[in-house]
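Each of the next two complexes has chain A plus one other chain: chain B in the first, chain C in the second.
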Partner chain A sequence: MLYFLRRRSLTSLLPLLFVLVGVFVLARLTGDPTSLYLPESATAEQRRAFAASHGFDDPVWKQLLHYLQGIPHLDFGTSLRTGQTAASMALRAFPNTLQLAFATMLISVVVAVVLGSWAAYRPNSLADRISSLLSMTAGSVPDFWFAIMGVWIFAVILGVLPTSGTDNGLLSWVLPVVTLCVRPIGVLTQVVRGAMVSALSAPYVRLARSKGATDVRLVTHHALRNAAAPALTVAGDLAVGLINGAVVVETIFGWPGIGKLMIDSILQRDFAVLQACVLLTALSIFVLNILIDLGYALLDARVRETVKA
Partner chain B sequence: MSAAPNLESARNRPRSVAFGLLAVGLALTGSACGVSSSSTSSDFGDTVRIVLPEEPPSLEPCDSSNTGDGVVERSNITEPLTELDLATGELHPLLATEWKKTTPTTYTYTLRSGVKFSDGSAFDAEDAAFSIDRTVNNTELGCFVAGYVFGDEKVQVKAVDATTLTVSTAEPDPILPLRLSFVEMVPSEMSTTEKVREPIGTGPYEIKKWDAGQKLTLAANPKYWGDQPAYKTATYVWRSEGSVRAAMVKEGEADLATQIGPDDGAGDLEVQFPDDQTAALRIQGYIPPLNDMRVRQAINYAIDREGLVKSLFNSDTTIAEQLIPEGITGFNDSLKPWPTDVAKAKQLIAEAKADGVPTSTPIRLVGRSAQFPKIEEIIQVIQKELTEIGLNVKIEMVDTKGSTELQQRPFPKNPGPYLLMIQHGNQAGDAAFSVDQYMLSNGFQSAFGTPELDAMIKSAEKQEGDARQAAFEKVFAYEPTHVGQFAYIAHMTGMMAIASGVDYKPNVNTENEMHLAEMTPKK
Partner chain C sequence: MTTMIDPTDGVAPETGATPPPRSGRLSMWRLLLRDRMATVALVVLVLIVLSTVGGSLILGDKSNDQDLARGAIAPFSLDHGWLYVLGSDKLGRSMIARMVVGGRTTLAVAVPAVLISLVIGSLIGMWAGYHRGWRETVAMRVADVIMSFPSLLMAVVVLYVFSPSASMIVVVLAITRIPIYLRTARAESAELQSRTFVDAARTFGTRPTAIIRRHVFPIVLPTLLTVATLDFCYVMLAESSLSFLGIGIQPPGVSWGLMVSQGRQYLQTAWWLSFFPGLAIVVTAVCSTLLASWVRIATDPSQRWRLTVPRKAAARRRRQAPIVEGEVS
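Showing the complex of A and B:
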């Protein structure tokens, strides 16, 4: 196991470095932030002093080196916009996104497994067709449309949910989580359905049926476990997307998460905050990928042996 | 036999993991809910709740000319010596009770006595002198008020006694009191090397708590020198989507929502008010084919302003014929909007083409995303109109930084010909603040100009009273026919949503500074 983790860490290091360097260089290609942060009357001397105080006058390779040296100490610099440390801003926003992503994936997986299994168990039935139509619609309609419609229907017309914000306890979670759930449920339901259709027609399921296993036991104990691996792969990808920042939903619902912070940082050329956010999300995705690999091992004995080896 | 328990354990492992994940999830969710503070309607009686498009970047007083800061800070947390009434153009006493020109280059202010900062310390002339010096003369901070209001001008300030202050300039400055009305007063202990995010001031409110990214709460300042405001607390939250802001007021989650559009659905709660903003296309007139006056005139003839204003702007918007709206010193009320004449526009383009002007060169039509409601549609209509007269126009929507690079000097090298949608607000009440930036040959946001226009502007800026008004009127009459840097589109109006329980009348200055003390619960 330790060998597996070590190997996985080493193989992830290169892409992580690639992402960090890529974002660092691309961010600087978008232009010098001086004109956003200094008034028009600023003299050339003031502009030079601003650039020097934030290290923008150094060559890009030197700025990169300085950034990489700060990472072990969680020193990403100071936000140009707020004057706060970039690390504190990113660490404050990240748990909000993480909670949202976790709740979303938990609900999505449960709903998708139930819907997908049900549709696969009765293929081509009316229930299957309705499930397919709903999941394909959910998978193809954009987040922002669901979000705005949700606000108008449930907050303005029905008045049962708050429009946005985090001040109303559990009720505040409903619209953002439901909006975020729509796409994962749509995609995952189709994946679970496809995998379950294959699994339910496999010889071991036919054997179990012939031995008198009940329908529920067939689905839950035999087919579902073997159908879980592809669903786990897709769920992992979807979770990565959420951790990367549910930008649209966070923006519309005023959810103070990492996606909104990253967008604001890009628009304001607040490089330090952007880099802190990117590193944090990259590390989280790295951890998530390891958890997914371990999930495979739990589900599949062949993978488990590889991990043990 | 010993293998059986292990097998059972392995079988149950996914279930255990699932339960574990569920438990962690609920714990996370629970902790999040625990952090949130549940509000009940009874909390709101003494609180006015405002929803803005974005969080103030900071509340540094010397940057309060930035709308995002000023709308929260000015005359709420901090106050200037005098306050400009944009509707009349007059200055009213605030922390200064009177002021007068005592020499051609010096103004003397008498300060209000008995004023205290919210931390209990007394406000006196030393603080006022410090505040002006920190804002205007400090080269380390890089204050936006200095850039927007004072330009290169420096001042000498002196505290004569506790309530008397003199402010002098090297050359006579007829609008120095107007410029000084932008300087917010702060305690003399404030840093002169670093900007301050949460300042102390003399205003009717003080900062109670700022949950960065979530909410800003102000509380009434018990040491305020004037009458206590009607609301004991004010909260600000921010939502970037106009329809969500409007929905929050409709739903009773907020009392006021700023910068909403006609399609955001505020319904009966919508309130329109005069604004100081003018929308215009700035023509980068030193780059072919835009360096030809006939092409610039053709662009003006091609735009159907009436159609745009009627269909895509707020209903009270008017067609613009100059860069500033009515009420600003220098506004020329005799000017008429540029007429729409497509045939004339086509003829001018044909003439230019016949003379070798490269009229088929691609021209960038640049707008800033979310600059104002329906900007995308407005840009699309203009592109269609300019294409119809024979120009090759490509739409380009950019973010704030991209727009800033094209709008301010130094302009990018070899950007190609471009038309830039600008939205200019003159919150200072005098044409000098507009023409200096947008019409001088080397103005910070001016693409080009002429020596003749420069001379007219410089001359107008030295005038006072009626002579100043007349001189700027001539500037605005001269520019379209002799320079043609702009295609003016609309004098805009603002729109906000106000809950039925709140009494507040927004005015021309509301989007720059929204005075909480003017809000009262409706009886």
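Showing the complex of A and C:
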């Protein structure tokens, strides 16, 4: 078990480091933030002092080294924009995104499992039609357009939902979560349906049926267990993909999450905050991948054996 | 050969007026015409391409022509001439002209990006899959690194470094999509390289590049084309998202995503500014998805029969067959 975890962590840490260094170097190439933060009238002397105090006058590799040295001490630099530490800003925004992502994944998985099993159990039924329609929507409707049309219909015309912000309690969650749900539900329903179609025609399901198991029990206890593994893998990919959606959705709805913070930091050349955000995102993707591998191992008896060994 | 698989020809032998198809291409056309959805999708796609390419030659100048007297005209009225059927924006620019030019930009980004990633990804993938060993490991690790980070974020960072221009967006999108083709091509070619006919070719001293070109490539191609058609949707949506976030196509350029973004602030007074460009994206994406699912079946010899059976039975069978969406993250 520990060996499995250790090996998995090592192979995933390499991409993580690569991404971190890549973003660091790329961000430095966007240009010196000095001119953005000092007034036009600043003298060359002041500019030099500003650059020196933030270490922008060093060569990029020296800055990178300095940055990497700070990480073990949990020192991620300070924000140029607000003067707060980058870590505190990123950590403050992170729970907002996490809540959004968690709600989205929870709803998506529940809807997808119910709809997908139903569609597989009754081909051509209403559920089957809905699931095909949803998967088509998932791949074809741009999320930003979906969100804007949602705002137009429900906030502008009907006036039942707020246009943006988080101060309206549960109501302010509706549009962001629904927008984020479109893609995961569409893709996941199709995966669950596919896996269930093959699981339902497997010999063990026929055996269970011949032993007199009810239809519901057949689906929930026998077929769904075996259909869960492929669905879990895809759900993991979709959860990573939610970051993409979060950037768009948080920008549109003014959600104070990590996606919005990242876009703002890029536009403001707030390197330290950008890096802290990227690090946090990469780290959570890393943790998520390990959790999914573990879940996969727990679901599949064949993999479970190799993990134990 | 094709008449043998086609049971409808056997059912109605008296319709001798239709000559049996002579070439594979001809039978493909007939297969396409049998599937009503796929035919409609293809026709709509061709219309979109023709109208955006041809239309922007005619309407290109009109897309930035401002006429404040004709600002914010509501759509579906011919009072101001056909140029304003879909309304106009606050500056009096015709929506039709802007949609046409925006569509051309969107296609001009999406098509090259898909082609570049298709060519590079499948070449490296086939090469890595054929040789196995360290070449495979290195290629897959690089693909993992690219895949392990949300593509939109990567594009955001890169596009902020290099000033966003159409060609830069093409490059960024192509790079983020290469792993998709690389993985597909590698998996297929790794499986193929252990087959007998490849072994035979190797025994005769055929060089690896020749084996890949003559024996591996033709078999992998249909799969890759299907992935590419599906991926076209994804790339188009990605371009729109980037333009929407303000780091894609820059004004005075026009693209569908940018139009949605520009129309956003006028949502209360002029809904059509955001609505129509988004609708155009959706229609294009839906049509290419439909076409992709047709290509997937038509290019697979073991599935092609689904298209040759009478329509109702085909629809029923296809719905029963599990269709799993290609993973795109």
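We take it that the second predicted complex is superposed on the first by the 299 of 309 C-alpha atoms of A that agree within 3 Å, B and C clash if a C-alpha of one lies under 4 Å from a C-alpha of the other, contacts with A are read in each partner's own complex, and residues count from 1 in each chain.
Everything below uses one rule, namely that a residue touches a chain if its C-beta (ideal position, glycine included) is under 8 Å from a C-beta of that chain, and two chains touch if they have at least 3 such contacts.
Because the structure is a prediction, the values reported are computed rather than measured.
Trainee: Look at where chain B and chain C land on chain A after superposing the complexes, then choose clash or fit.
Mentor: clash
Trainee: Touching A:T251, do we find chain B (first), chain C (second), both, or neither?
Mentor: Both: A:T251 reaches chain B and chain C.
Trainee: Once the structures are superposed on A, label A:Y121 by its partner contacts, choosing first (chain B), second (chain C), both or neither.
Mentor: neither
Trainee: Answer with first, second, both or neither: which of chain B and chain C does A:V156 touch in the superposed model?
Mentor: A:V156 sits against chain B and chain C alike.
Trainee: Scan A:M136 for contacts with chain B and chain C and give back first, second, both or neither.
Mentor: second
Trainee: Can A:F50 be said to touch chain B (first), chain C (second), both, or neither?
Mentor: first
Trainee: Based on the superposed arrangement, let me know which partner A:S172 touches: chain B (first), chain C (second), both, or neither?
Mentor: first
Trainee: Touch check for A:F18: first (chain B), second (chain C), both, or neither?
Mentor: After superposing on A, A:F18 lies in contact with chain C but is clear of chain B.
Trainee: Just to be sure I read the superposition right, which of the two partners does A:Y67 touch: chain B = first, chain C = second, or both, or neither?
Mentor: A:Y67 contacts neither chain B nor chain C.
Trainee: Of the candidate stretches 261-269, 297-305, 351-359 or 477-485, which in chain B collides with chain C after aligning the structures?
Mentor: Of the candidate stretches of chain B, chain C runs into 261-269.
Trainee: Residues on chain A in contact with chain B in one complex and with chain C in the other?
Mentor: In chain A, residues 30, 148, 151-152, 156, 251-252, 267 are touched by chain B and also by chain C.
Trainee: Report the residues of chain C in contact with chain A in the complex, numbered from low to high.
Mentor: Residues of chain C touching chain A: 141, 144-145, 148-153, 156-158, 160-161, 230, 233-234, 237, 240-241, 244-245, 257, 260-261, 264, 267-268, 271, 274-275, 278, 281-282, 285-286, 289, 316, 319-320, 322-325, 327-329.
Trainee: Using the touch definition up top, name the residues of chain A that touch chain C in the complex.
Mentor: 12, 14-16, 18-19, 23, 26-27, 29-30, 123-124, 128, 132, 135-136, 138-145, 148-149, 151-152, 156, 186-187, 190-191, 193-195, 197-198, 234, 237-238, 240-241, 243-244, 247-248, 251-252, 262-263, 266-267, 274, 278, 281-282, 285
Trainee: Once bound in the complex, which stretches of chain B touch chain A?
Mentor: Of all residues in chain B, those touching chain A are 13-14, 17, 21-22, 24-25, 28-29, 31-33, 35-39, 57-58, 139-140, 142-148, 150-152, 194-195, 197, 212-215, 237-241, 243-244, 247-248, 250-251, 253, 265, 399-401, 404-405, 408, 437, 444-445.
Trainee: Within the complex, which stretch of chain A touches chain B?
Mentor: 30-31, 33, 35-43, 45-46, 49-50, 81-84, 89, 92-93, 95-96, 98-99, 102-103, 106, 148, 151-152, 155-156, 159, 162-170, 172-173, 225, 228, 251-254, 256, 260-261, 267-269, 295, 298-299
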